[in-house]
Structure formats: structure tokens, C-alpha cells
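Next up: some structures, all given as C-alpha cells.
Both complexes below contain subunit A, partnered by subunit B and then by subunit C.
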Partner chain A sequence: MNLWMVLFNKELVEMSRNFKWIWVPIVFILLAVKEPLTLYYMPQIIDALGGLPEGAVIELPVPSASEVLIAILGQFNTLGVLIIVLTSMGIIAAERKSGVAAIILVKPVSYASFVTAKWAAAMLLLWVSYFIGYVASWYYVVILFEAVPFIDFFQSFLLNGIWLSFVLTMTIFFNSFNKSPGVVGFITIAIIILLSVLSSSFSHWLQWSPSLLPTYTNTFLLSNEIPDNVLSAIIVAIIGMIVLLVCSISIFRRKELA
Partner chain B sequence: MSAVVTVSGLRKSFQNEDVIKGLEFDLTKGKCIALLGANGAGKTTTLQMLSGLLRPSAGSIAFDGVQKGEDFRKLIGYLPQHPVFYEWMSGREFLEYTGMLAGLSKKESKERAEELLEMVGISNAKNRRIGKYSGGMKQRLGIAQAIIHRPKLVMLDEPVSALDPFGRREVLELMERMKKETTILFSTHILNDAEEVCDDILFLHKGEIVESGSMKELRDKYQQSKIDLVFRGESDQYIEKLSSLVEIQSISVHENKISFFVHNIDDAKHAFLREITDRNWPLLKFEISKTSLEDVFMKVVEK
Partner chain C sequence: MELFNSINWAAIVPIIVPIILIQLILLIIAVIDLCRIEKTNGPKWLWAIIILFVNLVGPILYFVIGRRNQ
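Presenting the complex of A and B:
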């Protein structure tokens, strides 16, 4: 078995031993399913909880299926992002902090394999959980609201997923020069917030920013047209991820591990 | 005899403070070498530089048969002072994992893991999670992972310091067996351990090698014969008379015990005993001994 697969396989086994393969998909399903259900049953919920004067008429506009999908992606891009950062902020940092990295990296292991195997495993967990969650929500949207063509669903899935992958890659990058998982998590979240604020305030200059991908996804869902700048944002995101990974590897290689 | 590794001008400083101040040594193939020193002498830092975990501030480390820039890590095995493992793995899984990382095939790795689990004596716990291992078991597992790929040089950082007497005994015996197959460099602050299994010694003190050589050379160089005498009453009064009898190197008095360090133990013995019996001095104790290496250690460190 080649070395990269050994490392990758170890990550997958670790994720199943500490139940990440169970709880991360479940969290994504809950986040996803919550939106269509609450939006659909809102009148009944308000009714049941009471608090409104007798005879008050509740009239809420029924949201369109696209709006529900946007709300779901909104959940993924806030709480989902938090989960991604929390599950991967210690992926390298914790191993260095505990000292197990000193045993592993004294063996003839390539630093590139070490980092990319971890990245690939975290990506797999992310995409599987995100896919299961989004499919579950799609099911409820179709049942409770209206049919959304699979192709639209799938395109929005891919588009938004690129942003989530970018977030994950940033977390891995900050792992490469930080020993403390908490610090890694904090920096990543701070940068994500900063990126989102910057690119939405200066959106006409930063149209290629990967952090606008969620906005583009929303536009796409509402208008069913692919916004002009999507391609540049995707390209920047992919190049950004490659650069971040390459930098992670070279920084990590230069780091003293003891 | 060729050297496994040659170290020259090795320095390391942390925040402008020199921790290692220019080490020069080489390790001979097949020997067991003790890196001896007090706490804070720089033993761990030295081993970490040799294993590539720390980058030297200056100087070079050249492994035999490895070109500059080539990966030397396949040649070495390393046990950190406080080994940490993946707690969720079992001992067997961890060994197989490190074996494969070190370049063994899956099959070789499995076989070698079984063999080593047996050798270090934790095969009955091989399927237990490492998180449930005791300190001694972790130490053994650490040794097993260090030698799984049959490295040319095994470096053990304080392998026995944290163990109880039984564990210590067993690990030392394990090292005795490992000596036949590979070169061992291990650090310790306990001289007895070094004396027991080692051929050569490197004395490290405040980041410098203050003494090195084979066990025998050091003994010959530093060991002295001494005669301890204890008399009833004040012993001091006899010192002057006795020290005029033979050539004495040095004298030390501890409470009522007088220790004479001498070159020729036989002459001194006869002369002292004759004098004492002739004059009928009230002798309580007469003991001939050699200075222990512990004394040598102290002497070297105090220099």
C-alpha cells in the first residue's frame, strides 16, 4: 500500500473511531431539515405556541422553493462553517501539541503526503456530510414546497461547496504554523468574517472573491441564471486552495516539531 | 570501525541563549553509547537535533551513507522522552502503522509488529487501546516503534528514567538484546544505567561534552583506590602520622571517617596496618575500595 494511502486511511479510521462519521453528517442533516420544516409549519407553530390575540389572522407568504434552499445554504454557511472549523482546527495542531507528531515525522514520511492526506480526509468528510444534509433538505423542499430540478439543486450544491472547501483549506493552512487548535479556530473564523464583510461591502471590486460564492449561489437559485463573475470566483477559489496547500506543506516542513 | 553518524560544531540556541555549544563526536557502529548529563545539560536537545526534530543553529550532522539533502530518517529510530501515541489505536495497530510509514510492506509490518510486541513483552495487551496502557507499557511500545524498521541508529531519550525498578530492569535487558543488532544512543542522568549496558559514554554538561570515551578508559582515568579508616575517639590525630608513611594523593575527612586516596594500594595497606598494630591504635574500621563512577561523574561536572 502506498504511503499516502496509509496516512489517508489512518485519518478515515480515526474519524470513525471518534464518531465524526456519525455526528457531522447528522448535524448537517439537522441544519438542513430544520429550515423547510419550520418555514412550512410556521403558521401552525405560532398558533400552537399561542401569544396572539383571539381572532388574529396569521398570514405568512409561502416562500418559494428557491428561497427555502437559500435559507438552508445560509445555515450551512454559518453553523455549517463553524462545524467545519471546529472539526478540523486540531487536525495537525493537536498532533503537534500532544507530541505524537514527533514519533510519526521521525519516520521517513513526506510532509506533503502528511498534510494532503489530512486535507483529503477532511474534504471527504465535509462533502459527504454536506451532500447528505443537502439531499435531505431537497427531499423536504420537494415534498412540502415545489419540485426543484435536480440539475439546479446539484449546481447550487457544487457552487456553495467550493466555498466550504475553501474554508476547510484555510483551516488546514492555519494548522501548519500553529500549535494550538483554539488559536487555529479563532484565526480561521476571524478571517472568514473579515473576508465576508470585505467582499460584500466592496463587492464591485472583489467580484472574484471566493467568499462571494454563497451570494452567487443565491442569485443563481433565484434567477436561475449563472452570474457573470462565478467563473472568476471559482478559479480564484481553486487556485487559492492550491496555494494554501502548497504553503501549508512548505511552512510545515520548515517548522521545528519538538 | 566506521561511524554511523558524525557530528561537528553542533550548536543550538533558543532566544539567544546557547543551549548546545559546539558538540563534536561520532558514534561508532554497533556500540551502545550513553549520553550522560544532569537535567538541563542539553541531552534532549541534542537527540532532537540528531533526529531532525530541531534544526541546528550551526554545525553539521552527517549520517553514514546519506548524501546531503537526502532523507536520513529511514536510518534512525527515535523514542521521545515522553512518547505520545494515537490513544484510539491499539498497540498492534500503532506498530503496524509506523512500520508501514517506515517503508515496510503491509505483510512485513504485521509480522514485525507481532515479533516486537512479543519481544518488548506487551503482546497480551496488543489489542487494547493505547489510551488504557500504563506508563511502562507505553515506554515499551515506544521502543518497539523505534526499532520496527531495523534502523542503523536507535536513539532513546531517557528510556528508563520514568520506570519503576522492574520496568527499568526489563528495559535495560531489552537494550542489551538490541545492542546485538544496531547502534544505540541513549540519554540518561542515572550513571548506573549507563554503566550497565553501555560501551561508551558522552558526558554532557551545560551544552558541552566535558568527557567522553569508553567505560574502561574513564575508569582508568578517574578511578582511584582509597582506604577508609575509622578510629575510636578523635580520628584526626592520626592523619599526620599516617600520611607521612606513603605517597598520598588526597585526603578527605567525613565526620570520623578518614579517606586516603592513594596510588599504590598494596604499599599503603601494609604500611598503614603495620603502623596501626605497632602503635596499638584503636582501629574500628579498615576498608579498601574504589571511587565509584558516580564520584567520577561529580568530578567531571564540577570541573
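Presenting the complex of A and C:
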């Protein structure tokens, strides 16, 4: 445990040297804040861009606060996922390429603590920046649209966050058998797209799929009641994360010894 | 001056100030890091231009791509 804390601290120090602690939260804030602003100023934007005949009147319905929150979560689930994959695609692969992993692993450090320390540090970064970004967007939604109860806001935050953690764990998993960060990023994004497409087109059979969690979050925000299948999706996501971590540890061990 | 007065400042300041602040922080950190770092991925002066003139995306691109030194 003590050794694990040392590795964990090493990750945190590396992240602050890379300025990840500053720029990742800022990117999440900007992603989140962009959406309520453009939705709020849409009539003025259309006006200013012009191209409409004289006297044309456009009536845009003012979106409700939960619709804005859904749009914000949509940003997190597309560009946010891209940022997560980009920041964590080299987390093990780059260290193996440069030989740092070999230097650490000659010492009596277990493979499990090496991988889980990295995973925990990346998770901490993800949740902190996701939380800061979502709170910033909440500020704008309250100012520009209407107040959203904090409980709803927090529940949607947790629900969607489980899917984001699943994505992160998947990136770590692909890290364990590829040495090139670019390949890791590409495979992860391809798998995520495939999962989302599959489970949204076969949503009747795959109700427990973790990639449906964003959809469930949206229904929760719109109707204010938790859909039935959420629990199974959460359980499958958590089991999936554990399985992915265990697999990545064992694959990593085999690859490193070979 | 007329344009300046026609804007409703009280409504706009709480919206726009946090964004400008965040953007400034990001830009300053990127510039400080660029001054300190030994080698970037690609010429240094090009990154300086990108950070300073490409709004918002420039510093982020620098952190994602530019800092990766082989």
C-alpha cells in the first residue's frame, strides 16, 4: 500500500509538471460553457451572420434548462471523450517506449500496483476536471436559463461520469498491449464509436450496455425519473472496468516479461 | 462611443469575464511553459505564434501535441 502511494504520488507530480492539472480542467470548462452561450445567443448569432431576406422572422423556442444540460453532456461525450483518450493514450505506452517503465519495474514493484496507480491518478484527473467543467456550465445555465435543482444536476453528473470512467479504463486496457500511443488512441476511439452505434441501434437487446448510460442520463434529465435499466448498466460498467483492469495487468505482465 | 453605451454591460460582464479570465490563464501558462521547455515538437517560434494568435485552440494544441518530445 505504501509503495502504491509512492507510485500514485509520482503520477500526480508528473501530471502537474505536464500542466495537465491546469489545462484539462480548463478544456472541460470551455467545452461546457460554450454550449449554453451559443444556445442563448442563437437568435443574435443568426441575425449577425445575415443571409436572411429582409423582414424574415425566426421564432426559436427557448430551450429548457434540462435540454441545455443534455447538450453540455453531449459535448462531454464527444469532445470530452476525445480529450480523455488523448491525455491518457500514452500513459503506459509512452513509458514503455522511452524505457521508464523498465526502470521502474526492475525495482520490487508489482505490475498490479504500477497499473492501478496510473489508473487511479488518471481517474482523479478525469473526475476533478469533469466536475469543475460541469459546475461551470451549471453557473451559466442558472444565469442564462433557469435554476436546476442541485440533486438532479448531481445525479446526471454521476450517471454520465460512470460512462466516462469506462472509456478511461478502456484506454488503459489498450495501453497494456501497444507500445505506440497513436495506435492506442485510434483503437480506443474506434471501439467507443462501435459500442455506441451498436448499443443505440440494438438498444432493445443491449439495455445493460454501459454506452447507453448517456442516453439514460438524457431521459433522466427530461422526465426526472430514473429509467429502469440504469442499475444493470451501472453494474455492467463497474464489472467491466474491474475485468478490463485485471486483464490489462495480466497482459502487461506477460508482455513485459517476454 | 455610442456603440459602447448601447451595450448592456451589467448583463454581459458576469457572462464574459470568467471566459476571458480562463482563456488568459491558459495562454499565460502555455507561454511560460514554452519559455522554459528545452525542445518542442517542431520549431519553437511556430508554437509561439500558434499560442498567441490562435484563439483558445492554440494553447490546447500546444499542450496536446507540442510538448511531446521524443
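Odds and ends about this structure:
The rule we apply is simple: the second predicted complex is superposed on the first by the 255 of 258 C-alpha atoms of A that agree within 3 Å, B and C clash if a C-alpha of one lies under 4 Å from a C-alpha of the other, contacts with A are read in each partner's own complex, and residues count from 1 in each chain.
Everything that follows uses one rule, which is that a contact is a pair of C-beta atoms (placed from the backbone, for glycine too) under 8 Å apart; a residue touches a chain by one contact, two chains touch by 3 or more.
No experiment lies behind these values; they were computed from the predicted model shown.
The superposition on subunit A brings subunit B alongside subunit C with room for both.
By the touch criterion defined above, A:I26 reaches subunit C but does not reach subunit B. Once chain A of one complex is fitted onto chain A of the other, the partner contacts of A:L37 are limited to subunit C, with no touch recorded for subunit B. In the superposition on chain A, contact of A:I103 is made with subunit B only, not with subunit C. Look at A:V6: by the touch rule set out above, it reaches subunit B but stays clear of subunit C.
In the overlay built on the shared chain, the residue A:N18 is in contact with subunit B and with subunit C.
In the superposition on chain A, contact of A:V236 is made with neither subunit B nor subunit C. By the touch criterion stated above, A:L257 is placed in contact with subunit B alone, subunit C being left untouched.
Working from the superposition on chain A, the subunit A vertex angle toward subunit B and subunit C, CA centres, sits at 80° in steps of 10.
Closest approach of subunit B to subunit C, taken over C-alpha atoms in the A-based superposition, is 7 Å. Subunit A residues 18 lie at the interface with subunit B in one structure and with subunit C in the other. Those residues of subunit A that touch subunit B in the shared complex are 1, 3, 6-7, 10, 14, 17-18, 98-100, 102-109, 256-258.
By the touch criterion given at the top, residues 48, 51-55, 71, 73-74, 76-78, 80, 82-86, 88, 97-98, 100-103, 105-106, 142, 145, 149 of subunit B touch subunit A in their complex.
For subunit C in complex with subunit A, the touching residues are 14-15, 18-19, 22-23, 25-26, 29, 33, 56, 59-60, 63-64, 67-68.
Contact residues of subunit A toward subunit C in the complex are 18-20, 22-23, 26-27, 29-30, 33, 37, 86-87, 90, 136, 139-140, 143-144.
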